[in-house]
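I have a structure here, written as structure tokens, and I will follow up with some questions on it.
Going in written order, the chains are labelled A, B, C and D, and every chain counts its residues from 1.
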Amino acid sequence: MLNTSIIGASGYTGAELAAMVLKHPHLQLAGLYVSENSLDAGKAISELHGQLRGRVDLPLQPLTDTAAVVNTSDIVLLATAHEVSHELAPIFLEAGCQVFDLSGAFRVKSDDFYTQYYGFAHQYAQWLDEAVYGLAEWNSDAIRQAQFVAVPGCYPTAAQLALKPLLAAGLLDTQQWPVINAVSGVSGAGRKASMANSFCEVSLQAYGVFNHRHQPEISAHLGTDVIFTPHLGNFKRGILATITARLAAGVTPEAVSEAMSAAYHQPGEQAVRLLGHQAARLQDVVNTCFCDIGWQVQGQHVILTSAIDNLLKGASSQAMQCINIRNGFAPLTALVG
Amino acid sequence: MLNTSIIGASGYTGAELAAMVLKHPHLQLAGLYVSENSLDAGKAISELHGQLRGRVDLPLQPLTDTAAVVNTSDIVLLATAHEVSHELAPIFLEAGCQVFDLSGAFRVKSDDFYTQYYGFAHQYAQWLDEAVYGLAEWNSDAIRQAQFVAVPGCYPTAAQLALKPLLAAGLLDTQQWPVINAVSGVSGAGRKASMANSFCEVSLQAYGVFNHRHQPEISAHLGTDVIFTPHLGNFKRGILATITARLAAGVTPEAVSEAMSAAYHQPGEQAVRLLGHQAARLQDVVNTCFCDIGWQVQGQHVILTSAIDNLLKGASSQAMQCINIRNGFAPLTALVG
Amino acid sequence: MLNTSIIGASGYTGAELAAMVLKHPHLQLAGLYVSENSLDAGKAISELHGQLRGRVDLPLQPLTDTAAVVNTSDIVLLATAHEVSHELAPIFLEAGCQVFDLSGAFRVKSDDFYTQYYGFAHQYAQWLDEAVYGLAEWNSDAIRQAQFVAVPGCYPTAAQLALKPLLAAGLLDTQQWPVINAVSGVSGAGRKASMANSFCEVSLQAYGVFNHRHQPEISAHLGTDVIFTPHLGNFKRGILATITARLAAGVTPEAVSEAMSAAYHQPGEQAVRLLGHQAARLQDVVNTCFCDIGWQVQGQHVILTSAIDNLLKGASSQAMQCINIRNGFAPLTALVG
Amino acid sequence: MLNTSIIGASGYTGAELAAMVLKHPHLQLAGLYVSENSLDAGKAISELHGQLRGRVDLPLQPLTDTAAVVNTSDIVLLATAHEVSHELAPIFLEAGCQVFDLSGAFRVKSDDFYTQYYGFAHQYAQWLDEAVYGLAEWNSDAIRQAQFVAVPGCYPTAAQLALKPLLAAGLLDTQQWPVINAVSGVSGAGRKASMANSFCEVSLQAYGVFNHRHQPEISAHLGTDVIFTPHLGNFKRGILATITARLAAGVTPEAVSEAMSAAYHQPGEQAVRLLGHQAARLQDVVNTCFCDIGWQVQGQHVILTSAIDNLLKGASSQAMQCINIRNGFAPLTALVG
């Protein structure tokens, strides 16, 4: 049994992680932590997340002493703000823990990126270099060796899982940038009070046009420019991405289908479900670890639809896939069945 | 044309009032005000309430000088917090304005009530005494004479409009307290950021069990004890009240129907629509000024359903009915058609 | 391993049952059936219920031959229409299968009831007599011996779990009938096309006032008259019941709390979570097998709130609790963790 | 007063039209019609559309005799199925009525189009030629002269109002086809029972990928190829379109803004509200006649967001704009204020 601690356990992602660790046959919940001055410190996690009542009633402890976490943890999950992960990850890594960071602090191997998109100067070039990008279906070899995994963002997961097979097979004409439109549920904004998240203010709308931080994350890891437009939707969970791209000259519909099938040919090992020419539907993936992908080709264009649960495949269940891969467990342990 | 100012114009009710005054053939919008230190001061109301864009783009002015309001206003609408109305109403009244207060500060003629339910000691016994309760279909004679109207709360409007005809006709056995269950949309909590209003946290649930301030408001104005249980619903607007009451011995279904019809026999003048044995449906009243009421009798019990838009008949359109009645306009002016 | 077949597997409840059987360590999915002339016959269940894709892709077989089911099944789950269960249950029972019927066809031990509320004359008085009412937390002794379990309705489950502790302890004055108001998600109406279920027509409203078939089911099993008013809510899953009842003379708040705690003192064995004076919240129980119950006392009245997932504790997970109890498995096997 | 009849008055669009005609100072409601064998024939329109209760309680008459309509109507509004409009429009036109058709039967001047996308061979080439496309902000000169107006589709309205200013000013590089992603509320599918519209089945998803009939409508009237992907959203009303296009070489952000401002410089006469660099928000346009448009430029790309109420600017209020323009009334009569 590997002892597992969750830092930032008061949020929606933290609650999902706690439930997964509990279900996992090889993991044991070592501790749930919140920041030192959080108003939630001392409460049971189930006070905040009523669905956990009677299942996970552990207290949220204030993170006053990282050494105490180190002493009791083989694995540390960081479900913390970017700046907090940036400070904490090196501490737990240097103490020898496996660290799975769900924030954006170590996802892109470029210092400038953090100054421009996250508003802080990155201080840990070495750990940034060491971090393995945890897109589970594509980086499993590296993840298997990693002490430190930067779990991808929610939109980047949905977008890359759809586009990578076509790019890897050289089927796209990237002179025309793929256009990624995506709609996320409100939980993507985290558990907090704000006017933007206020029930009466939520309404389908684009945001972060041309300047969302997930655009460079997607571009960096795809190795091609993209146009990415996120939207807020009037639902709690899930992301649907609709992607329009131009095919390279002479690419047939069959070639597209073959590339998709080749990339995701291990259903029990991979959390991707291929829909063929059907369009992905949000409701089929919510509360599951799956990414559903459908596609259609017409003339020189392909349209892909890709759906995930933003809190699961877009965060916590992908982190768990990485833990499973790193530690030699079946990749979908605690995630299906 | 009567000059009309709205204090507290940044909220959902304020926005509705502004749109109504604009449509009104005999009212003119004199000014929109917010509290002196509001972050919204200086913004156009349509920046906050996008649906008003191009229709009402007036600025929200900080209320620094009540005299300026007095000088430009025949009518003052208070869509302010209870404590703020408590302070402001007397000022505008003494200056001779007609005041229509949408808060709870002057609805119940009992000092104790305010200490217990609103957390402040009432300072204006005389104005409290003077205030006419603006339940438009029932108090029109008094409203016609009033300088000062306390517009009823949202739940009390839905509940009283259904129960008053039966109580007035002596058809209920009030030894058994009527049971009022009601569900309100989230806009009832006002325009503000809070965890309780946060999109992902909203879920059907009861609140204020046995201690909501609208329970004594209902009881006081009905003249009988009631059990009132409010609920938060996962929708933006509207209230549905379901009321179970015991009939006095020998009361027939026909007597109930006759009492309802007698109370609301002037469709064009009253904002109540009788549904007979059909149940009221939220969607039929949202964005209208109407209260829909249905009822069924079985044995000694009657079940009534009563639906309103909480921001309209539960607040702003009822205020407008009162203005219309007070000033000799057709009661539903600016509200229908 | 007990072979388990699901009849009526195309509906929402059928899909939940299939997922549960799959997770169960001691059950094996023997077959999924739909009616002989169903348009869904031959499709994979995951074509209808996309969330099952890659997990349960078995075909929905037309039920042409009950003998084939009998030969392959130790347990038969009937998620069928009332009339269909009425015909099928006796066949499977006489063949020696354990039968768990989720319809209303065998819940109330009165012939008249079926004529009046279900529109057919009951033909199987003996099986009606034999059927054990599967309210798992209250009837486990009888369930343990039963060949035939009539799983309670969704509303009756929410209502009875809240009221039974108080009635059993003699704390209520039932001269005044308890008033049960409940709101159900749209999935309660089943998987079918109808104007009433059409997205644009759904809006909070009461229905079945004074004549819903769950009212006599509740009354019969509580042994007392009640007033029950169901409502349709604008959400997919879940039921919230708010219950107002009169306490017997002299009953204290403490006595109420003690009765609740005494009834549900085995958290790991029972699917009830007590909230004390907090109100139940729909979102905490959706996608769980739990019934959350809160209560408050004031003077002579108690208000209880009770929340369940209508498709789980209100149908499929309660059926699974009954299977577990009947077969000596831990009651919440395949339901939690 | 112009006598106005509505054919197909039982649907969501019909109900909106009826309410608008009622509010219009120069129109009079002559009759509400449904197809001869409709189950709704004989009912009051307010039985189907409860929000109209007490405002429009006229009966839905079976359309048995077109001559009777002709005799009582100056204006005929067709809110009918495409095939029905195709048959009816010529009849009313030949009788001399003004006809405003909200179906797709006369929008595109190509016979083939109807065979391919609507499944019927067009029989009325002359009337197809005569029909004026009712995109009110762009075709007012032609509308002013027209006897017959084909009111644009909902998606085409949102898309064209955003793209036309840039195309008209020659600012786009149409070698790269503009990518239009749009999400519509469920009312876009009409008032009917179907599994796809069933509350529990609605979930954000793309549909009609590469083959929705609104794609050729958009292309034909823009004069350029586009990629159009419609989506179903989990809300009742509204369309949000997000459009990504490539600018011609050297086009500046200022040039884009100027083109938008030049196209929509008459706020009181046009139902377009320009948001500048803000993104359009569904909630601001629902229940209004407006199209909100925002835009952003980066490098060689522009992203536009365009929001309308699909039942109003996407259907009925645009029809009313056309009536107003045709008959010399202020264009937004009965639509604002």
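Methods note: a contact is a pair of C-beta atoms (placed from the backbone, for glycine too) under 8 Å apart; a residue touches a chain by one contact, two chains touch by 3 or more.
Values in this document were obtained by computation on a predicted structure and should not be read as measured data.
With contact taken as defined at the outset, chain B and chain D are each touched by A, C.
More C-beta pairs touch across one of C-D and A-D than the other; that pair is A-D.
Spacing of chain C relative to chain D, judged by their CA centroids, is 46 angstrom.
With each centre defined as the average position of its C-alpha atoms, the distance from chain A to chain C rounds to 37 Å. Each chain gets a centre from the mean of its Cα atoms; for chain A and chain D, those two points are 40 Å apart. Among the residues of chain C, those in touch with two or more other chains are 234, 281, 283-284. Within the complex, the chain C residues that touch chain D are 12, 186-187, 191-195, 197-200, 202, 234, 236.
The touching residues of chain B, when paired with chain D in their complex, are 22-23, 50-51, 53-55, 267, 273, 281, 283-288, 290, 292, 336-337. Of all residues in chain C, those touching chain B in their complex are 176-177, 179, 181, 183, 201, 203-207, 209-210, 227, 229, 231, 233-235, 238, 240, 242, 244, 279-284, 296, 298, 301, 303, 305, 307.
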